[in-house]
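Okay, so chain A shows up in both of these, paired with chain B first and chain C after.
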Partner chain A sequence: MRMKGRTERAEGQFIEIWRRFKRNKAAVAGLVVFSFVVLMALSADLFFNYEEDVIRQNAMERFQPPSAEHLLGTDQYGRDMLARIVYGARMSLLISLSVTVMSTLPGLVVGFIAGYFGGKLDSILMRICDMFMAIPALLMAITIVAALGPSVTNLIIALSISGIPSTARFTRSMVLRLRGEEFVESARAVGTSDFRIMYRHIFPNIVSLTIVNATLSLGSMILASAGLSFIGLGVKPPAPEWGAMLSNARNYFTDHPSLLLIPGAAILITVLSVNLLGDGLRDALDPKTK
Partner chain B sequence: MENIILELRNLKKYFPTPHGVLHAVDDISLSINRGQTLGLVGESGCGKSTIGRTILRLIEPTSGEIYFEGQNITDIPKSQFKSMRKHMQFIFQDPYSSINPRLTVSQSIAEPLIVNKLASSKSELNELVLHYMEMVGLDSRLASAYPHELDGGRRQRIGIARALSVEPKFIICDEPVSALDVSIQAQILNLVQDLQEQLNLTYIFVTHNLSVVKHISNEIAVMYLGQLVEKCQAEELFERPMHPYTRALLSAILLPSPKSRNKKREILRGEITSPINPTPGCRFAKRCNYATAACVGESYELRDMGGDHMTSCIRVISGELKWD
Partner chain C sequence: MLKYIVRRLLIMLPIILGIIFIVFSILEFTPGDPVSMILGQDATPELIKLKREELGLNKPFLTRYITYVLDIVRGDFGTMYASGNSVGEAIARRLPVTLELSILSILLAVIVGIPLGVLSAVKQYSIIDIFSILFAMILSAMPGFWLGLMLILIFSTKLGLFPSFGVGDGLISFILPCITLSATYTAVIVRMTRSCMLEVINQDYVRTARAKGATESHIIGKHALRNAMLPVLTTVGMYFGALMGGAVIAETVFSLPGLGTLLVSGITAKDTPTVLGCVTVIATSISLINLSVDVAYAYIDPRIKAQYASMGLVKVKVRKRK
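Entry: the complex of A and B
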């Protein structure tokens, strides 16, 4: 009976959050567009054949304008633009999602340790973070990829490492604030272990802000991966990636601007929708906005 | 004495600050008998809450010893102190910040039971939670409510249920009613008193409000800037206060009576002096209406003036200062 009561409450909370989220029209638009991009990336195989449409070059069909056969036309190698955009979405999301997870989780751990235990450990961890943050994230990612060699895996590693310090700092500041709260002292007074205080009492109080932060960083990671691919340090051709597509289209910009504009628009729309979604989530998850 | 449940011997807690050493608790010795309530009174910043937190080792004492049931608990390493926390509990001042906002009422009360492994099964846990909710007067329908849906009095009942759930013998109540509406204060005080009778609990009741402790204390200790200035039976304190500071505190109690309009009051001058690097001598001297040159320069200890009535005022001890 009691368990039932609890799940009903949890559902009630989600309904409440959804109700607040719904009122922000821009955020709902962001959610719709981003869901569409995700769906597109997931169902790419239903509409296109990777080898046939995305990779194989076809000299006879170069620079075709949009037609029934090629909805967005073809590129300089006669490949279908729509297929490349759709598979590019898959690549962009794969990279940005893994980077977000791989920079948020270690960042959380470091932030928790530094914020909760404080003292020398905190100083050491934060000075290391300062060192990393002194170098611009993108520049550091470039350095790491240059050292490891360009590949999707290395791109993910590089962007993850460059994202850890800011997550760690962000987490630390929240943990630091909550550690001083009386309910944490109250938990200690009844004999709760440090580990349990962290996951049972502090973590639930920062999880919503962490989700918002991760969502917003998702957008910047899409941009960063496109940026690195643009300068040739990410996904290698012929694999489709929005940034790489932009880069390759530069030479044909004056005659065939659509080759440049289409991936550019894809990046713009996706990043914008993610950011709107993140903003909406931030407002919706804050119980103070009624 | 076997009846003594808790004894403090020369307890000190100093905090280093950029301006010097802050003497929050300075050489406090006192003892409490089983089943009794000691009222610990003093103004903000005099160190009364620090004493409570030091006893539970929420903060570590600088020096001195704490004996619980004859055992020196200041020696116990922090990692093994957990077992002591089952005997001693703490009720916090502010029920708004001392309850985790993300846990429901039943989750909050279940926490101490889970942490101390006091329930062997899920159904037993639920039973115990409901048992303690009933004990503190929380309706069982509130089990899945979140703290922000409840008023201060109900929140404080959660705090009390949490403290009771480990079946302690001794509870430190740190101003448990000062954050509550006056209308709810009496309810919580009655609850705290009823629980003491039911469960044979011993309390240290920390407060800045003398009229609150008058009702529930057996003994009252008055603190000023980290030191005890007076300690005696509760009625005795109200009838024959000895220390000028105690007299000033008593005269500050407002009575809703037209007669009290003409009552002569002891008005204190100045502000509370800094507890950082205090000079020897009576710490109250700078604000005392009766201070003389004898009051500063030398430190004085509590002296028994007969009938367990202790005071530290040298002028009262020497007989120079007599109250009628």
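Entry: the complex of A and C
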């Protein structure tokens, strides 16, 4: 019976959040567009052949304008732009989602330890965070990629590490606030273990804000990974990635502006939709912050 | 006040040492042996051993770290592996370009962002408000380098108004890079100013001022803006670091001879001393700038000054009312 009550309450909460979210037209638009990008990335194989359309160069078909065969035209190597954009979405989402997960989880652990146990451990962890945060995230990521060598995996590692300190700080501040609350005190009074208090009592209270934060950082991670690929520290050609496509277009875009416009618009639209979605989620989950 | 600044400088020291330590440790993982990069493939084992000793590479990690820090204190950032040029000289030559770019960009972001944010808050839900929210939204979702390339396409290639690369034409050559770099921060400042102003406008003291019959411009300028500025200033200071990181990309787009391009070329050439030097100098400048922002607060907000005064760090002059 107890379990049933809990799920019912959770469902009610979910419906309430969805109701608030739905009222925000911009956020719904963001959700629709972002779902479309995700769907596009997932179904890329249905429409295009990776080797044939994305990688293989075709000197006869360079710089073709949009046509029935190539809906967005072709690039400087005669490759289909639409196919590269679609596979580029897969790359961008793969990188930014992995980075978001890989920086949020360790950040949560560090933030929990620092915020819950406090004391010396807290000050040491926070001073380390301070040092990491004194180096701008992008610069940090550049340095790590420089040390490990440019590749997709290293790009993900670099961006994740540079994102951990801010998540840790954010989590810590929330844990610190909740630690003094009465429900935590009473849980401790009845002899609940530290781990259980963190997991059952504090975590459910911060999970929604953590998700909002992760959504909001998703957009900036898409931008950062595109930026790093642009300066040659991320995805290596011929693999399709929006930032790398823009970098390759640098020598040709004055005569063929579409090589510049299309990947840029893809980034802009995706990031815009993620940001709108994140803002909407934040307002829906916590009406006070509006 | 001086005491406070000195204290802050002292706190900064371990942080900078920590930064150098982090960067130093990360760069330990760089694959490839610098000695074979300097001497080429066909160096004899004796020569390699001699060179290793000369560079101090045979010493343990901590010893090398301490030596490096001591060298920096003396102003010696080491030499580049490939060319043998001094890293310190290259940095000194290029730092002004990066600083000029960053400071001009922050100024541009503030000059555009704050008035837009204030207008947007004062005329909430008007056309101006909707426009500036949209403007901020699009700017923050746009990759800086893309904006840069678009600006080159429109203003250099098509219209021929501004140079597309280098700093040969003085201030004019900084216009496009500054717009590129400031875009994201303009968006942040617009949003921040708008929300802070909205919060302040609804406060009691603003209502009191209005009730007293103060003019609207006096209310906004004197009562609201001053109080809304503090969080905005914090944001400006906080984002300065990110801005200097973004400068790396803006410099690459416009081929500016700044620290960013030096850093990227150092990475491509696997030149560890260059990378180390650049990151250290950039991180240190950021810490210094954050310090100046903190000091600036104390001047804007008497409450903070009073806080320091209670700690015995500054003297507060009590103005007597006539």
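Odds and ends about this structure:
What we mean here is this: the second predicted complex is superposed on the first by the 280 of 290 C-alpha atoms of A that agree within 3 Å, B and C clash if a C-alpha of one lies under 4 Å from a C-alpha of the other, contacts with A are read in each partner's own complex, and residues count from 1 in each chain.
We take it that contacts are C-beta pairs under 8 Å (C-beta built on N, C-alpha and C of every residue); 3 or more make two chains touch, one makes a residue touch a chain.
Remember, it's a predicted structure, so these values are computed and weren't measured experimentally.
Superposition of the two structures on chain A shows chain C fitting alongside chain B with no clash. When the two complexes are overlaid on their common chain A, residue A:Leu125 makes contact with neither chain B nor chain C. Judged by the touch definition given at the top, the superposed model places A:Leu155 against neither chain B nor chain C. Contact with chain B, but none with chain C, is seen for A:Asn205 once the two complexes are overlaid on the shared chain. When both complexes are overlaid on chain A, the residue A:Ile144 reaches chain C alone and has no touch with chain B.
When the two complexes are overlaid on their common chain A, residue A:Ala134 makes contact with chain C while staying clear of chain B. After overlaying the two complexes on the shared chain, residue contacts for A:Leu31 are found with neither chain B nor chain C.
When the shared chain is aligned, chain B comes close enough to touch A:Arg196, but chain C does not. Angle at chain A between chain B and chain C, computed from CA centres in the superposed arrangement: 90 degrees, to the nearest 10. One of chain B and chain C touches more residues of chain A, and that partner is C.
Across the superposed structures, the minimum distance from chain B to chain C, using CA atoms, reads 12 Å.
Listed in rising order, the residues of chain A touching chain B in the complex are 2, 5-6, 8-9, 181-183, 185-193, 196, 200-201, 204-205, 287.
If you check the complex, the residues on chain B that touch chain A are 53, 56, 58, 82, 85-86, 89-90, 92-94, 97-104, 106, 111-112, 115-116, 126, 143-144, 146, 148, 159, 162-163, 165-166.
The touching residues of chain A, counted against chain C in their complex, run 127-128, 130-132, 134-139, 142-149, 219, 223, 226-227, 230-233, 243, 246, 249-250, 253-254, 257, 260, 263-264, 267-268, 271-272, 275-276.
Within the complex formed with chain A, the chain C residues making contact are 15-16, 18-19, 21-23, 26-31, 137-138, 140-146, 149-150, 153, 157, 241-242, 244-246, 248-249, 252, 263-264, 266-268, 270, 275, 279, 282-283, 286-287.
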